[in-house]
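By letter and in written order, the chains are A, B, C, D, E and F; residue numbering begins at 1 in each of them.
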Amino acid sequence: MLNIAVSIAFTLVAAAFALSGWRLLAGPSAPDRILALDTLSINAIALLALLGIQQSSTLYFEAALLIALMGFVGTVALCKFLLRGDIIE
Amino acid sequence: MNHLVIAPVLLPLLAGILPLLPRHPTMRQRRILSLAATVAQLGVALALAAEVSDGEILVYPLGHWPAPFGIVLVADRLAAWMLVITALLALFALLDAIRGADTAGRHFHILFQLQLFGLNGAFLTGDLFNLFVFFEVLLIASYGLLLHGGGRERTRAGLHFVVVNLVGSTLFLFAVGTLYGVLGTLNMADLAVKAAATPPENVPLIRAAGLVLFGVFALKAALLPLHLWLPTAYAHASAPVAALFAIMTKVGAYSILRVYTLIFGAGAGSAARLIEPWLLPLALATLIFGMLGAVTSTHLRQQAAWLVVASVGSLLTALGLNNAAGIAAGLYYLPHTTFAAAALFLLADAIARRRGELGDRLDPGPAITSPRLLGGLFFVTAVAVAGLPPLSGFLGKFLTLRAALDHPFLPWVMGAVLAAGLLGLIALARTGSLLFYRALPSEAGAAEVWPTLARETVPIIGLLLLGLGLTVGAGPALDQTHAIATQMLQPQAYLQAVLKPGGTP
Amino acid sequence: MSLPLVVLTPFLGAILAAWISRQGRLYAAWMAGAITLLALAGLLPLADAPFAGQTIIQRCSWIPAVGVDLAFRLDGLGLLFALLILGIGLLIMLYARYYLAEQDNMGRFYAGLLLFMGAMLGIALSENIIQLLIFWELTSLSSFLLISYWQHREDARNGARMALTVTGAGGLALLGGFLLLGHIAGSYDLSVILASGDRIRTHPLYLPMLALVLLGAFTKSAQFPFHFWLPNAMAAPTPVSAYLHSATMVKAGVFLLARLFPALSGTPEWSWLVGGAGLITLLLGAFVALFQHDLKGLLAYSTISHLGLITLLFGIGTPLAAVAGVFHIINHATFKASLFMAAGIIDHETGSRDMRRINGLWRYMPYTGALAIVASAAMAGVPLLNGFLSKEIFFAEVLGAAIPLRFGWPLPAAVTLAGAFAVAYSLRFIHDVFFNGEPVDLPKIPHEPPRWMKVPVEILAALCLLVGIAPALIVEPILAVAVAGVLQESLPEHNLAIWHGFSPALGMSVIALVGGGLIYLGRKPLFAFYERHVEWLRVETLYDRLLNGLFALAGALTRKLDTGSLQRLLFVTILSALVLGLAGFISVPAPLTGVRTRLPVDGVSLLAALGLIAAAIGAVFLHRQRLVAVVLMGAVGLVTALIFIRFSAPDLALTQLAVEVVTVVLLLLALYFLPQHSPAKPHPSPWVSHVLLAVAAGGGAAALAWAVLTRPYETIAGYFLTNSVPGGGGANVVNVILVDFRGYDTLGEISVLALAGLGIYAMLDRLYLPGPQRDAEGRAWDPDLHPALLATLARLLLPLALLMAIFLLLRGHNLPGGGFIAGLVTAAALIVQYLANGVAWTHARLPWNLHALIGLGLLAATLTGLASLTFGYPFLTSTFGHWHWPVIGEFELASAMVFDLGVYLVVVGATLLILIHLGLIHHASQPAAATPIPDPPVRDGGKRDALTPNLASTGRGEHGEAR
Amino acid sequence: MHRLLPHPLLTPALAGIWLLLVNSVTPGQILLGLALGWAIPLLTLRFWPETVRVYRPLTLLRFVIRVLYDILAANLVVARLILGRPERLRPIFVVVPLALKTDLAITLLTNAICLTPGTVSARLTLNRRHLLVHALDAADPGQLAATIKSRYEAPLREVFEPC
Amino acid sequence: MLEYLLSLLIVTGAVFTFIGALGLARLPDFYTRLHGPTKATTLGVGSLLIASALYFSTRGAGVSLHEALVALFLFMTAPVSAHLLAKAAHHLQLRSLAPLPPEAGLAGREDAPVDTC
Amino acid sequence: MEALMALIIGVLTACGVYLALRARTFPVVLGLTFLSYAVNLFLFTMGRLTIGQPPIIAARATGYADPVPQALVLTAIVISFAMTAFVIVLALKARADLGNDHVDGRREP
């Protein structure tokens, strides 16, 4: 039961991955790509949560936390670049 | 457990750290610290050399973990020899630097000491991946030193130097990775043991890895055709840095000697004598091309750099003969060429500074101040670099050729070495005649204040005196290098010492 | 005095002379004379040994391992040469003291002269041939210094370089020859070599060895075709020419032939090579000498000719020929030295050396004239003079040799012709200079030179006469000893007498004398002929062509190889690695794929992999839009982290994530100052070959990975897994390896990071690089410097991130985490502060000095390692313990954690140091940080520009190449 | 007092978060968490000079719950929109005039707007007086602005700026 | 029972994650696409994390709530990211289906005095 | 899975090499970054591929991945990060000193 749910979830998240990846490559605008990257990292967090349940291992928690933090930093830096060019001024 | 083994690594490390701590020291304090640390390194190196002179191999298990699991430092004759040479070179390079070159940019002495940290670490380590790490240490320190002082040409040279070395490091990792993936270990002695017992289906992999690794070392050593990075880099470094860099190519040569006598040595079964078909021909080509570069150089520093390339050729020719006599000859030639090249770089700077905007360009220019002293020094340096009698360069040449007498390549070796000697003679005669004879009369004949002149020339004279010492003391020096060579060619003792049953803890 | 000291004396004297000349220019001359006398005094006491038929050998050990010792040898030959060197040297020094002008630097001259004298003595007195070679090369070097004495003259510089190049090349060949010779004979000692002649002559390496040795001898003794350097060396001061280029240095070559005579001679190769070269040189020199208008030029070619004569004698190889050879060495030294000095006097007094202008000097300087006549008569081989005697034996030996060599008459005819030409140019030297009408506009009115300047000439001229008249009395003893030294056996039957009755040799002499007179009489047509065909005899033009060719070739090759292009450099590097790897792989046949069981591919992994590949390739295709490339790189990094997670490497994943974001920030910081786009057609770059190389490299890497991944292996990993907890006190084996098992690696690694920070700090020091005022599309930047939301969130984020960092740091030893990751998390949190509030605001609030932070981190790590030394354990030995405190409960402390703390500090310090100073570039480059402008109207670029006119101008230049 | 506890709310919050991080509740961890919760704010004080005052904690709680509920509801709505026909969408921009002054309050407002699917705050004017909001699908701009002000802004004013 | 709840949460989370990405992929302009990921974040990852927390808390090894931390992080950061992205898009004047408010509408009110309380 | 990893490493290497051979500093930096990704993955895979067995000692662990390559990669990542940072800044310095971003400082044609 749980396994079925998990495998369904995996498929869905993988599909989400693919869609975001497509947007990443297709663009067209820079914000589009940045948004896609941001979404990718969120999907990655979902993936990790699923992996944790599937392997009943808590070792993926820090990774998820770090993706959340670093994904944010990256997005902010990229946006700031578009807005100001000089990202730390 | 002999803690002397770790000292050559810790001394420069601490000397590099201290100036960083709060309440920044003055430049004077930095210089004193740096100088003291370098002198101490020389002392330690000599002590270590004395310790291992009887053929004993000191093994230092870091973290008290036995080989092959932990990293071990191994001090044998070769390591000690390299340490002594490095310390001596560093001392004179530093003596030149503290005249003011060290104020041209930030953190000179930290970079300098950590460069020594990297060099000494590389010479002492018995672990292949650790060798990579210390390569990186000495490389990034050298990047900083190369760019020290800044300037257009220096930046461009630095960019090329850095990028090509990053690629080199990547290749190093590919090679080390493959070796681990096949042999499952990193300790060089253990690698040797495992390599000798490789099942046939894995032999191609370690041979490939071994040859890629050779490519990496060849890049560091500036062996043809991987020498192209050197001339610009060395020609544009500041004088003391270029002088110190005289040892950098030798690190590559050292690694080749170490790895291909130990891991891929005669005892390595189907992986044995891996680089024999490559090393000697390439070395001879490097020798000739380096000299041709020196002949066609338009600037003195550039010429010095090409002469370094040529000297790499000579050195690796000797090592490439792959017999005791050849290795001994190479190891005798190594300090000579290191000191001579360093002296030439320092001298080139001293001359360039006296020729106004003409700098070190090889065109007739105004007569320089104190021409007698500098001219005399140039003459001696040129004799040393060109390998003319009576200085050690000639002996190195003689020993190399002597070692080649029974080698099938004898005609090639003799032809190349003698032709290179002639080319060097032509190049340096031209340079000397241009710089000192074709000088146009100039009014700037102001006699220079003696103390400054002395402080400027003492490092050069010191380096030349080291060469003279190698000449006078050629007997003992050659005995020493011969002892090293025999130790290299019988790695059993090394393996025993490192992998002794029931290691430390 | 011992032989080494005799040789050493002049070298020390050189230093003394150079030094003393500061006190007064003449002191150098006296000092040099004194030194020479001292050496002579040291030598003479040893002289009776050779006369008693013994050879003195004195050696001190130098490089015993290769049989090279400092070994000196005094036998007849050595003694003769040593006496020539010192005796004539003494005369030259006396002469030069008057010859040199006021402005000439005496110290340098005499120092050079003494240097040369020492080197020459070394050659004469060496027992070890390697040592001999060293002195041999020293003569080349010192002659370079002496020829270029008048450095301001171009002919002096070029002559010196030419001499050095030719004789230096010969020296190198000689090195090769001596190596082979020593190899064949089994020793570098002359006594052994001279004793093992048969073994040498029959050895397979004999011919190459002989060729190399002869190359050395011929270049030094100016034998055809290497003779051309000698006339060019005449730019040297005349005393130098007299000493080096007539009496001593050029004799070193023939000395070598004499020295090795017993070991090498007596084979057809020897006769052909030595005799042939000698004969050609003899003829050529004699012929060309006649047509020289320069006094010294004539003497130079005559010297060449006489050297050829001596060489030919040794080539003939009979003992008696050797006698004649040695005898002629002595004679030539005497008359040629005196002739050179006479020429020098003439030059000195008339200010010219051109025989077309110098005429009828007899009226001005009859005494000098008389001396010159005697000397040149000796040169011509006129009876009652020494030259005649040696020539007689020479003619006789040629006649004797002609039969076994099956020459018949041509050989005697040739040497007679040479003799005739010798007579002719001797006649010219006298007639053309001292008679033949009036001088043609000479710079000054000539008169006799100062008294002491003539003394050396007188002495030598007297010797010519004495030897010529009473040879048995004057020269016989020393000649006998010398020849004994050459032959290493008792002297052959010979008889030095003026009159042997009517012999064919006498006939040849007469023919030569008469013929010479006739040639000189009919010289006019000969001169015309010579002028027309001068070129093909001038070998130096060929030499110049060779040298220029060499320079051209060297330049071409070097430029071809070293284009100074980074792309070329990388291409060669990667290609070499590929070639080496491939060569290694195919050298032994084995399948690419191994037998290890493989993992099945699952959908998610496949998808992620495809995503990564797509992103990577996309980055390549879109790399001209640099920001897009950065975003795609970020995606690649993210998937890489997922791969690490997938394959059980949580620590790697964490590190990868953190590093990748910081890298992105760095790239963006840099991108601000760089063009936003790569130009569509940067330079004509061979992109096809680049693609091929890239594909090959990728293929290689993939194949290697595949080959290893599919093979089973044994590893040391087990040890770490079992010892991690009991030995290292940590459950996270990777972390324990990093801080304990291989903590030394980590120490190096953080040093690299620290060095990167410091290096970058040094690099950015005083770097001025103003950033663009508008983006690539020319749009002004958004006026909102620090978005309010971001600023607020940043405040909240920092404490959270610090907490997280501490968490990762503390648990790293047992669970994923560790100092490096914690450090990057901290750095990231602070980066957010920079992003939100700017560098000035944040920097002002940063509590620590970053350099100190790096230093403390490194120190912490190092001291943790050092602590173990105090307990007698090696560097970096770790320790740990479990404590149980009330309330708090069980917890562990490991020294490795302190080490990890050091790592943490270095990471934070270095990362921030880099970022801050990157951020500060713009700050420093920009006088006033852009002040917030009121929100501009949206969708109206024109108005935006209108709002920012002051920035518009600076923007263009910055992006000149971006558009 | 203020110098020792610059952010009184932050200390317990951090302590709690610490327990979440270590994922266990032992006396030792609690003490450690409190210690960190006390030390970190002091360490980062200079980065967060302003003090936060919550006048009506209960209202804040109610606000949070309301937002969470809206998120839930809006998610379903937007899900339908995404799965449905894109050309049917009626995206609009609306300018919402702000009464809030403090950065924290404004931030919470914009966050609430962004978190609830279907609306994104696109821009805050430099003088913090107007917020440009983009809605995925809305019939009447005025009504949307009104909802935002009443549903989110008002409670936030009560919590942080009661005057 | 618990397993059903878990499965439900997991699938819901995955579904919303997917829908978010779908929105990103198929919605017509940047501003509309921007709305997609917000739900991927909120409900999608939210429910997945709740599921995870529930799962591990019921595994015996004590309550596991640290997933809440990830959620907290996301709920704090995601809106700011979205806001900045929108701001950037607005700055770059990306094509938008929604008509932007008239210039005067936004810029006109800029200079009004800021009344303090 | 092994094939997939080999493919990834190959592609990353190829992309890295190609970009590193460009004439502008920025793509070169990107290329070097890709190369470091590639070599890090390569080094990592030298411990072979293992799923769900992180090298963290635990009671109920069925087995462990080879920790050594992981440690090596960690070191390698840090070093390549330092090097990348350095070369990035060096590219800026080159831009400032040489006036353009060509790797040889050549001006535009």
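Basically, contacts are C-beta pairs under 8 Å (C-beta built on N, C-alpha and C of every residue); 3 or more make two chains touch, one makes a residue touch a chain.
Note that the structure is a prediction, hence the values are computed from the model and not measured.
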With chain centres defined as mean CA positions, report which chain is farthest from chain B. D
When contacts are scored as defined above, which chain pair ends up with more C-beta pairs, A-E or C-E? A-E
Chain B and chain D have mean C-alpha positions lying a whole-number Å distance apart equal to 62
Gap in Å, rounded to a whole number, between the CA centres of chain F and chain E: 32
Interchain centroid distance [CA atoms averaged], chain C/chain D, Å: 74
Report the inter-chain centroid distance for chain C and chain F in whole angstrom, where each centroid is the mean of the CA atoms. 39
Which positions in chain A touch two or more other chains at once? 10-11, 13, 17, 30, 34, 58-59, 61, 65, 69, 71-72, 76, 80, 82-83
Check: chain B positions touching at least 2 other chains come out as 129, 133, 136, 140, 143, 147, 150, 159-160, 163, 167, 174, 178, 180-181, 186
For chain D, residues that touch 2 or more chains besides their own: 17, 21, 23, 110-111, 125-126, 128
In their shared complex, at which residues does chain C touch chain D? 783-784, 787-789, 791-795, 798-800, 802-804, 806-807, 811, 833, 842, 845, 847, 885, 887-889, 891, 932, 934-935
What residues on chain D touch chain E, complex-wise? 17, 20-21, 23-25, 71-72, 74-75, 78-79, 82-83, 86-87, 89, 91-95, 97, 101, 110-115, 117-123, 125-130, 132, 134-136, 161, 163
Residue ranges of chain F touching chain C (in the complex, touch as defined): 1-15, 17-30, 33-34, 37-38, 40-42, 44-58, 64-68, 70-71, 73-75, 77-79, 81-86, 88-93, 95-96, 100-104, 106, 108-109
Chain C-touching residues of chain A, taken from the complex the two chains share: 10-11, 13-14, 17-18, 21, 24-25, 27, 30, 33-34, 37, 40-41, 44, 47-48, 51, 59-60, 62-63, 65-67, 69-74, 76-78, 80-89
Of all residues in chain C, those that touch chain B in their complex: 61-66, 68, 130, 133-138, 141, 144, 148, 151-152, 157, 160-161, 164-165, 168-169, 172-173, 175-176, 179-180, 183, 547, 550-551, 553-555, 557-558, 561-562, 564, 566, 568-570, 572-574, 576-577, 580-591, 594, 701, 704, 707-709, 711, 713-717, 719-720, 723, 727, 740-745, 747-749, 751-752, 755-756, 758-759, 761-763, 765-766, 849, 851-852, 854-856, 858-859, 862, 866, 868-869, 872-878
